[in-house]
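Below you will find the structure I want to go over with you.
Labels for the chains are A, B, C, D, E, F, G and H, by order of writing; each one numbers its residues from 1.
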Amino acid sequence: MDHKEMLEMLNGVKEGAISPDDALTRLKTAPFEDIGYAKIDNHRGIRQGVPEVIYGMGKTAGQICGIVDRMLENGAKDIIVTRLSEEAAASLEKQCRLEYHPIPKFGIVNRDSVRDKTGSIIVASGGTSDMAVCEEAALTAEALGNQVTRLYDVGVAGLHRLLSHLEILASARVVIAVAGMEGALPSVIGGLVSCPVIAVPTSVGYGANLGGIAALLSMLNSCASGVSVVNIDNGFGAGFLASRINQMEGVK
Amino acid sequence: MDHKEMLEMLNGVKEGAISPDDALTRLKTAPFEDIGYAKIDNHRGIRQGVPEVIYGMGKTAGQICGIVDRMLENGAKDIIVTRLSEEAAASLEKQCRLEYHPIPKFGIVNRDSVRDKTGSIIVASGGTSDMAVCEEAALTAEALGNQVTRLYDVGVAGLHRLLSHLEILASARVVIAVAGMEGALPSVIGGLVSCPVIAVPTSVGYGANLGGIAALLSMLNSCASGVSVVNIDNGFGAGFLASRINQMEGVK
Amino acid sequence: MDHKEMLEMLNGVKEGAISPDDALTRLKTAPFEDIGYAKIDNHRGIRQGVPEVIYGMGKTAGQICGIVDRMLENGAKDIIVTRLSEEAAASLEKQCRLEYHPIPKFGIVNRDSVRDKTGSIIVASGGTSDMAVCEEAALTAEALGNQVTRLYDVGVAGLHRLLSHLEILASARVVIAVAGMEGALPSVIGGLVSCPVIAVPTSVGYGANLGGIAALLSMLNSCASGVSVVNIDNGFGAGFLASRINQMEGVK
Amino acid sequence: MDHKEMLEMLNGVKEGAISPDDALTRLKTAPFEDIGYAKIDNHRGIRQGVPEVIYGMGKTAGQICGIVDRMLENGAKDIIVTRLSEEAAASLEKQCRLEYHPIPKFGIVNRDSVRDKTGSIIVASGGTSDMAVCEEAALTAEALGNQVTRLYDVGVAGLHRLLSHLEILASARVVIAVAGMEGALPSVIGGLVSCPVIAVPTSVGYGANLGGIAALLSMLNSCASGVSVVNIDNGFGAGFLASRINQMEGVK
Amino acid sequence: MDHKEMLEMLNGVKEGAISPDDALTRLKTAPFEDIGYAKIDNHRGIRQGVPEVIYGMGKTAGQICGIVDRMLENGAKDIIVTRLSEEAAASLEKQCRLEYHPIPKFGIVNRDSVRDKTGSIIVASGGTSDMAVCEEAALTAEALGNQVTRLYDVGVAGLHRLLSHLEILASARVVIAVAGMEGALPSVIGGLVSCPVIAVPTSVGYGANLGGIAALLSMLNSCASGVSVVNIDNGFGAGFLASRINQMEGVK
Amino acid sequence: MDHKEMLEMLNGVKEGAISPDDALTRLKTAPFEDIGYAKIDNHRGIRQGVPEVIYGMGKTAGQICGIVDRMLENGAKDIIVTRLSEEAAASLEKQCRLEYHPIPKFGIVNRDSVRDKTGSIIVASGGTSDMAVCEEAALTAEALGNQVTRLYDVGVAGLHRLLSHLEILASARVVIAVAGMEGALPSVIGGLVSCPVIAVPTSVGYGANLGGIAALLSMLNSCASGVSVVNIDNGFGAGFLASRINQMEGVK
Amino acid sequence: MDHKEMLEMLNGVKEGAISPDDALTRLKTAPFEDIGYAKIDNHRGIRQGVPEVIYGMGKTAGQICGIVDRMLENGAKDIIVTRLSEEAAASLEKQCRLEYHPIPKFGIVNRDSVRDKTGSIIVASGGTSDMAVCEEAALTAEALGNQVTRLYDVGVAGLHRLLSHLEILASARVVIAVAGMEGALPSVIGGLVSCPVIAVPTSVGYGANLGGIAALLSMLNSCASGVSVVNIDNGFGAGFLASRINQMEGVK
Amino acid sequence: MDHKEMLEMLNGVKEGAISPDDALTRLKTAPFEDIGYAKIDNHRGIRQGVPEVIYGMGKTAGQICGIVDRMLENGAKDIIVTRLSEEAAASLEKQCRLEYHPIPKFGIVNRDSVRDKTGSIIVASGGTSDMAVCEEAALTAEALGNQVTRLYDVGVAGLHRLLSHLEILASARVVIAVAGMEGALPSVIGGLVSCPVIAVPTSVGYGANLGGIAALLSMLNSCASGVSVVNIDNGFGAGFLASRINQMEGVK
């Protein structure tokens, strides 16, 4: 309820159209549904422009199915389920229309096919091994209605692979730069483009990569401006943020 | 030199207007000036829309003055110098027109007063002690031509302070959320707004804050979507990135 | 043996009612039973108001059964066994009356059904994935005779879910706030209530959550007063401490 | 504004006693005062039973004096200022009635001498070097109206010093156990008492104590039940929480 | 394309032998082949003297086979595949001539048997448990045409084992010193020889070895000069670098 | 070869009893046997009073059997094999006389039953879960000829269990104090005894115990004098060192 | 009070020689003196063979002088004060007979010159920069009546310096091995001697030495048996423990 | 004494030319001079081709002067003193011929001007702030007789600055790549050159750079082959190792 709606409701109370008790109820009604193990945020679509996303890890197949069920009853489309195991995907498929991508363990329920793809997001990666994280980012951005270009295996140890795509990079509204090991890709891209760069460290590597911490620290210390960082392996977060930025209206 | 310019130059070689040797020189000429201890990137304004920024820490007053000198000769305006000590600022002031802000140790040389401020960036902070980092972010964004609103001391331990500004938050195109200690502010704001949130951990705190690492980790693990993170105390980086996002043209 | 009992015994020696050798034996008798691999603390109920709790991890089913056996012989009731694997639970069930909860792997032997539940402890959690830790806390507190209210999935990324339960929170004598990822829940709750808040970080998350360290550090640095922290995933410890606080007599 | 007040106000709107615009204003009025660099939370006394506490570190003397000034105008008593440097204390003293304790850098403004001290909090420490943290805890608890007993230098390397005070320990409603180095004191005390134990790690030590992290980890892993932990050197937090627990009314 | 080739091409344009469009194409043609999930760097042999090496971890058997396939079509010999699982090796063997070493999971495709082995590289190890890493280093160096001597189980806890091989050590052009646990071997060898020493920490050990971090830190802090370090367990990297150094031409 | 033997040998050369070539050979002969994957140190018994111990982890069953075989040929007795998997033990049993203890995965080959046990070593542990590490320490010390007393489950959370054994502790020549979690046991024991205390942290615990690092740091920071520390879970190392100390001859 | 004394006292009670109240007092009398900021352990000399040692860091000159004063009144000799600043030493000197060593900031009050030095402790160091820690160890051991040999600057990067002192090493009853940087010295010495080796990491070094953590980890992972470790820079702890071991009576 | 010299000496003993006692002395004579606080390694020039280098940090001016004094008496030239404070340099200058460079605090005593400079070492740096470390590397390499080219401020955020120097890079025999912050420079250079690359992380940066650890980890995880790493800020070590590699004779 925003400023204007609240004033209208109070005027309704004044004019007797709304009883104080009803007004109290409306002031207190939470915009979510409580199903015991979860509180489903039905207004998020209104508040943030995107329906609630389900983070599948640590939830049972039954819990995921239950949450999806209620969201479908509320008419939700393009429901994203990340870190969805193949087992849970199999359960979910029996109950609803699921598009499932096994490499990033990524599902979309009740896909809304008519949605247009706009703008330009580039997902660049350092190596083939980072592909699962890249695909989580790319599929998220596509599910949210963005045009996505994949630019994989352009790591800094063979710069010519990256430099031969400068024109593609220059056309991006947002770049998602995914890298494990030394995590240098976002710094190099950050020096080449003039759009925001979202850096995604991956846990790819061994030894002193410390499960992705090495790449994370490298990206946080990037000497290039215009770079920000999300959590290790958080392809979804990068795709979601890139969508927000890509779909911005023009500044006045 | 972009695709089109290179083709033109090659046609010039073909037509005899440009000699192969001259072409080689132009292909090799670096768009920067080498003054020994630094290589000044004069083309960055063209390539990235913002002149090179000088990171003052670890440079002598003499080095900073020398770099500024060459940039001024090349006609640069609004030259930002971050982490500029009061001593170096005093030296710089003798040589050029400097606007200096002592709390974030932030200087702007040859300020271009006519520049308009556009869009809407909010800089929110958890507590009074985070002010230096906030101001570095806010002044950077303002120097780059953005409209900035400051919302200080709205930490999560007194939520009503934040909730009473929901309308201001809702009007933002970008929010910079600055917090030390437990670093929860970006998560809470991320759940309330639908624009990109840039999280800046600060080193404010003691003990297990580990010089800002606690806040940094907290922000990287934010359960809210649309949040990305920059380095600890990196107000400049946040302001710069916020400017890039705020000034985006509308998606087509 | 307390101050008074010791003086009585010494008077008994003086009066010849107790021989010096018997007195020595009583002074030396340890209030525990040694069964080789464990020393069972039979006096803990007297000393601390709660019988010894068995931490199941790292003990064989045989060892757990043996310890329970001796405690039952000593008349213990409501014997809590935490981190009790399903296999060990199956062994234990053959030997005694066991109430077993598989999600937090939590068992209660020889449940004393007449015990009343008093006071008010709230267990709040950031997300559905934290449920096992929450249930360990809640079941512990219930087994120790406390009234418990569960408030799950009220994480800070959707503040309205939490704010719609302010009255319930206000009624608590103790709040246990359980959260993984960025661990911000205890800070937000700490600013809303005037009772003690026990923060429990969980290992839920990935990447830079470092197995719960990110949430732990966040909670230790909480900007809210009245918050203290227990070990990662230590639902039992939180439930036990909450019980101690909830059951306090009034101050004089 | 609680449930009942809100219903009353809405009835007032219905009856015409309150205009919708006034109601809106009251619904939106934040219970704090904005003085630019800080937002003073005047309702905290009502909401949490204790006036806002000023954390002095990172604030200028001028900022501290300004905040105190406004609080005094609102009639606040017993205003606690922690980490108050001697310089800032000297400034503050010129402006108001200040009780200052230099060892923990702890100040109380406008001390309300009539307040009674109730209950029983024990502050125990491992060694003489932990005294500043202990005193911050003890003075905080005393300022909030609690009876405090100091039990210093009873570290575990000379157990008899601790064991000779068992009766004092047994009389406590809350124990604050402060220790640096190996941080074992809370575990030992936790096994001896039946009241809540608040563990405070200190940064006292060198080498592998890692600025207090060793003691912190030790305390988080305490094998004794009923122990929770606050941040390194956070005497204030321990004293504040101990006060909340000590002053609890009896359970029904 | 080097300096000379570029000038020749430009002269070709001038003389009309090469059209500007062709020249542009050649300037832009990337010296790699894009097969979707990977960009194969066919010119690396020319640029760096060694064909691209395939890092097998995190790649599917299908991806590895695909990359090898294209490299063979381009005439590559001695293609090294590191961290090649036995399953992937089995797939690869069906498709090409593979020499497979199971202990370091190391494969060489299309071995060029005529290549001579030159110079002298010694691979020394602290203990038998480090053998997999040692063999990865030794096999890499041999595949790249170097003479390799293995000196295993000469750890510093039994110095005489090392000292009895001083003459062999003295004959080396490069020493690769592999050690887990306390990682002291490179320091001791570094003090005995006058050639470069490449230190390889291994993850062998337990507890405070932290997965090889202890040995890594030890080696980075070596008090001996002439020692540099590669990543934990990175036998390949050490073998590759040793080969570069061993095969150097004489200084002029 | 010591000072005296070297002089004798040189006199032998002078007198013609030993040829220079033979002398050279003797000077160079290493006191170990090289079996490819290992260099067996046959003189360690002479040099250090104990035959070489085989660390089983990371060695194949075949390698362990091969090493044992050569040692037996050289007449070794009481050969200790630590971290010996049940599979490797089964292989070894077919080839030689093996005494195997499955809980600490500890084997002794060719046990010399006549050896007397001397002195007094106490192995004390915090909890039942630490038993494997304790037993590795105790069995090592017993295999090396020491009298060992086990004092298990005497953790600091129930001090009376430890205090009731003060007389046993007072009789020790060395105490091995084993503890996980908060690792306080060595500090408490260190304050009670006047003999050397060897602290062994274990990886028992969860969350912030960080795989034993918490206990390790705690022990390194012990406020008690006379305590030193070995690696996490290193029962063997503690037992070996305790034996060295226990078996010392009296000082003159 | 030991077993026998307690029985005697109880018989005294029985026979009327001792009143129950007196007996109670004697059972409760703590063997220490409470001077407010410290509890001086007067019986430690009896219990542990060494008078209480004063750790000077974090104590004021006044506190140190006060503690020394009381100990002198109780007839203590050879009172060791570690980490004693020059200022505090100057204060102390006015009040008592002080022998002060400025490099390790080490003081001995009321030196008992007649005490003989027995046994043989060797203090070996890696480099000149470790001297302060070495001297703290050596002076401690000497103050406790041990014969000490210094063997400085024998680091592993120049092994011949160490190997030329093998005979001295072989004569030691205990070796204290002090090293910073890579911390390899204790491992090398541990392989050469058959007596206990106490490893002392120092904070000497820079960068990845992490304030001594690198050397500490190295020593904890020592592949040599018979080595244990004390805290970083803890020369006193090493000297104290070495004294305990050196002065042991012979095993029976 | 090598194999051949030892045989000759033994023949001399046989033939009576050398007495056994003299031979013993020669076998035992250590090739260093003991001046109490240091053992000067006079044979290092013979053993390793470079005279002993003095690491100035943690040594007093007097100690440095004493060591230099003895080395000069032994005829040493080009004595390098690293981390030499200006105060110690002033003392040293009074006693000998010193060339001092204040930025890297680097001194050379008794410079041998006739020495030729050979080969080609490039020192490349990411930014102006890394200059001290770069200069320590460059001056070390020059003092050891190498031709050095400085390539400063070519960080990856402005790739064209680096790419415009490809020909210089291609001519190097060794590259020293120095970088702070994200430490990406060695990876990028490693992909461009075919000679060994020595990576030097610097402590330049703030926040999550962790005093250089971020750059160090980045470099250890470099995806480019042929890169090895030295300690943070270890310019000397890089220069020394580069010299060893640069001056290698050709492989046969």
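Note that contacts are C-beta pairs under 8 Å (C-beta built on N, C-alpha and C of every residue); 3 or more make two chains touch, one makes a residue touch a chain.
Please read these numbers as outputs of a predicted model, since none were measured by experiment.
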| item | value |
| --- | --- |
| Between D-F and E-F, the pair joined by more C-beta contacts | D-F |
| Fraction-based call for subunit H against subunit G, same above half, different below | different |
| Chain whose mean Cα position lies farthest from subunit B | F |
| Pair from D-F, C-F or A-B with over half of its contact pairs in common with A-E | C-F |
| Length of the line joining the C-alpha centres of subunit A and subunit F, rounded to whole Å | 54 |
| Where subunit E and subunit G are represented by their mean Cα positions, the distance between them in whole Å | 49 |
| Length of the line joining the C-alpha centres of subunit A and subunit D, rounded to whole Å | 41 |
| Averaged-CA centre spacing for the pair subunit D and subunit C, given as whole angstrom | 25 |
| Subunit E residues counted as touching two or more neighbouring chains | 127, 158, 192, 207-209, 213, 216, 220-221, 225, 231-232 |
| Every chain pair in contact, whichever chains are involved | A-B, A-C, A-D, A-E, A-H, B-C, B-D, B-E, B-H, C-D, C-F, C-G, D-F, D-G, E-F, E-G, E-H, F-G, F-H, G-H |
| Partner subunit A, residues of subunit B touching it in the complex | 3, 47-50, 53, 118-119, 167, 173, 192-196, 198, 216, 220-221, 225-232, 236-238, 240-241, 244-252 |
| Contact set on subunit A toward subunit C in their complex | 28, 30-32, 36-39, 41, 44, 55, 57-59, 63, 201, 203, 211-213, 216, 231-234 |
| Touch list for subunit D against partner subunit A, complex | 3, 6-7, 10-11, 13-14, 16, 19-21, 23-24, 27 |
| Touching residues (chain side subunit D, partner subunit F) in the complex | 126-127, 155-159, 163, 180-184, 187-188, 190-192, 205, 207-210, 213-215, 217-225 |
| In the complex with subunit D, residue positions of subunit B that touch it | 127-129, 131, 152-154, 158, 160-161, 164, 204, 206-209 |
